[in-house]
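Chains: A, B and C, in written order; residue numbering restarts at 1 for each.
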């Protein structure tokens, strides 16, 4: 894991550098275009007064700037994404026949990979022949030319469209409406990024997962009792394919999440009840933000706390009772995760408890109920849907929580319900499988994506149910 | 104009009732269940009730009327210490239930509220079944020794609230599913299930339609046999229909109190007269 | 008395004691819950501070160093190349030999030399390169001690333990004691910790590189997430028609806020690294992933800020003939901006503390150099904490805790800033 292992991708660096410079140049050009547009609007021939214009000169400026920037930026984007495929196509046509003759598609792509690695100055898989060297040089040359042509074309386009936009300016031009509709489009596009992000997650994870399930059957994955992806070392070894039964991971995840909820739900709920129903104003102003500090602490800090303080503490106190506890016990990870979730549960419960109408409490008090009777028999039942929603959200967090378990839980996939044993979780395995070397054709790496897909789906279902429950609950009392 | 005409009347009654503020009319009764003397209520820096004294007799319905924000609801909430739940609220003066000071330091509010029940402006059934709503009070107070005793209590309370026939087949359905008038009768049933001595009603019909209102009014008249009832209402017709005595509140003061028919036919105080004849309110 | 019928009141009074006991128990449980929560806060902070505060000081040893050209092996040359490759360790060895002439055994001598950090020669090199005329002169220079010595001086090594159970034997402890008596051992402020990159040697390791990496990533996040988040919020709140599509976007955003962070890491790996081909371990990719993660927070906060601007303002602007766009950008946005900024700062604080997705995109490398730009390989502050937390050395435990203190200091000041901002611009309509 040294610096030397991180490939410095010269080619992509060039691309990014050049794009950044081009964008900066375009910004300057847009500023100039803005000025030109404004001036032209002011000095239109035959214009008596500014009020003869449909729109203010500023909007004519924006109008020209948009003409200058938008088409050029679009060209830049398209060009950047198609240049490499085109260059590779050209290269394949030019490849010496002896290099490509009789090669399968897979071997061809291997050769191509070598060429690219060579071009970036990385180590290649095989011997470097003179021909290969020449091809690599050719590749570099093509890319360089492509970049040069790109910058010329982009700037040229910007200049042409600016001139066009400038020509369009007239007193009748509805510049404001046009600028505003462009702006509106920009806002709309921004709002779709959230959707694209979800789609991106689904496709990215799904795509690799499908490849995984081509190698390992879905049923083996979902119902297998054995998880040992690391075994796959040599092809002729027994069990060389590894074992990808995810049941031990689910069991471990559930065990740790269950312990966490066992800590977080009673403590968080009681804290919320005390703060909202009993506490004096003073206690509330101090205790609430102090508790919420727990919510702002990064999970890596909790992980460190669990591994350094809590896990040894549990091991030692178990030893006192003559019980053997793993130093990576599920209990330590679960306990600390529970601490992390306390403020989450308590602030969500606080919200829903406060949303219970005072009228219900009054009705109960008027019958002579004590506070705790009112809380337990009226307030909590009334707030129950909201509290359940909050608990579901917290559970989804516990299942997806990564750092605490990576640092405090173990790697061995034990199928056990003993909280003093070491278990592993879905997230721990994703991290272990993906940190370090990745081979996107081995089931070992792809398994991480299958686990990711599963994790995404489970938390998605939990979240959607929880959000719906909470929403329904809010509607009842609003 | 107002000043001219009210001044002599006030002077006159100040002489008669020097001890009890400036209330016109006879605020005492022969057989009082609750007595309030010189009650003052402050919310933070607002003086909401000023020097109110009033007796509430056994088995009578007393109506408290007055314009919005005059303090009639606040006064009502003092009678079973519901104001305790509002942090900024301070109550001074003396309120006695059967001769016992309910603001005494050693007095326990839980049995007090079991004795003085309350029905609220908006029907507020718990989000539980109809049965559980009524059984709630007996359960927390441990009034029923057995399940059958509890069943009887629930049935009896629902019958007395005139709701039994409408809900006897769906006791396990949520109370929030009833109509507004039924909900309010459920709340009354819930209150009488604890067998209180006094029932306070805070505008119990303001959220109901006329038919439901008529039913509740009928019910109040029946309940008078067993309970003492203090009702706050916006509607003067309602006060006239259900109550034996009426008190008129204005800006935190109890202006006038007396037999209901006398108040409505022959008000002594200018403010009462203005309110009753509809000049404001 | 006895023949009086049992009234309701009697029944009520009979159960009162039991009910009040229940009440007290319930109340005590609530108080316990709060106390438990606060106890955890206290425990967390005390354990981290007590473990970490000492890392802000580093034990230094004052040695008499003679910049002897012969020992340096540089002859008469004074150029950069020669000075860079000179043997500075020899100078330290000579100096130590002078203090402990009785140490003759080779093995023992090696232990003696190990007392001074392996980074010390580099320090001497810097001194000489910045002023080559120093050759031949004689100076007393404070040099960092090895981490084991540092731990001993800080009292982290238990002298009462049997010799073979400690990391330092009696002889070395004797040397350190002698140096201490001579007054040449001192704890000085640990600037290396704030300026250096990662290192295998605890006394040379610092969070400078990690902080720089985090800052680059956050810069990318801020530049992307703030405009996109605000634009999305404006569109959804002010322009979007209420239909299925906007409903979908809304559900989506709420759901994204609750997706586990590691899934975003998978997206970053598959999309930005495998498909787009951006370099691994780069803060740019980290920033992109963190952008996607913080977007929901910023959008939700910005929408709340826009909602709190009363419709009367919009009506007033529309009433004098402003277009919808002008109304939003001239009147609504300025009023909502403080709320949006508050949400953005809180989102940035979340992003700063996030670790899991950065592991996925390879920001978990051992990086010695301080990154010079968003494309250089780098770690981030929380990832550095994760990396160090794995190291068994006591000195790294100390530094991990110290790094956590720095991270928490950043987070707390960011949150305070958000609170102050909210207080300052809070407006009641």
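Note that a contact is a pair of C-beta atoms (placed from the backbone, for glycine too) under 8 Å apart; a residue touches a chain by one contact, two chains touch by 3 or more.
Keep in mind that this is a model prediction, so the values were computed, not measured.
**Student:** By mean C-alpha coordinates, which chain is most distant from subunit C?
**Tutor:** B
**Student:** Tell me which has more C-beta contacts between its two chains, A-C or B-C.
**Tutor:** Pair with the higher count of C-beta contacts: A-C.
**Student:** Approximately how many whole Å separate the CA-defined centres of subunit A and subunit B?
**Tutor:** Those two chain centres are 60 Å apart.
**Student:** Can you compute the centre-to-centre distance for subunit A and subunit C, using the mean CA position of each chain? Integer Å is fine.
**Tutor:** Those two chain centres are 20 Å apart.
**Student:** Any idea how many Å lie between the Cα centroids of subunit B and subunit C?
**Tutor:** The computed centroid separation for subunit B versus subunit C comes out at 63 Å.
**Student:** Name the residues of subunit C that each touch 2 or more other chains.
**Tutor:** Residue numbers touching two or more other chains: 12, 19.
**Student:** List, in ascending order, every residue of subunit A touching at least 2 other chains.
**Tutor:** 368, 370, 373 - these are the residues of subunit A that touch more than one other chain.
**Student:** Two or more other chains touching the same residue: where does that happen in subunit B?
**Tutor:** In subunit B, 110-111, 114, 140-141, 194 touch at least two other chains.
**Student:** Residues of subunit A touching subunit C in their complex?
**Tutor:** Within the complex, subunit A touches subunit C at residues 1-3, 5-9, 12-13, 16, 84, 176-177, 180, 183-184, 186-188, 190-195, 197-198, 200-201, 204-205, 207-208, 266-271, 273-275, 277-279, 283, 287, 290-291, 293-294, 296-301, 303-305, 307-309, 339, 342-343, 346, 368, 370-373, 375-376, 393, 396-397, 399-403, 406-407, 427, 430-431, 434-435, 438, 440, 448-449, 452, 455-456, 459-460, 463-464, 466-467.
**Student:** Tell me, which parts of subunit A touch subunit B in their complex?
**Tutor:** That would be residues 281, 357-370, 373, 377-378, 381-382 of subunit A.
**Student:** Touching subunit B in the complex: which residues of subunit C?
**Tutor:** 8-9, 11-16, 19
**Student:** Could you please specify the touching residues of subunit B with respect to subunit A in the complex?
**Tutor:** On the subunit B side, the touching residues are 80, 82, 85, 87, 109-114, 117-118, 120, 122, 124-128, 136-137, 140-141, 187, 190-191, 194, 200.
**Student:** For the complex, which residues does subunit B have touching subunit C?
**Tutor:** Within the complex, subunit B touches subunit C at residues 108, 110-111, 114-115, 140-143, 194-195.
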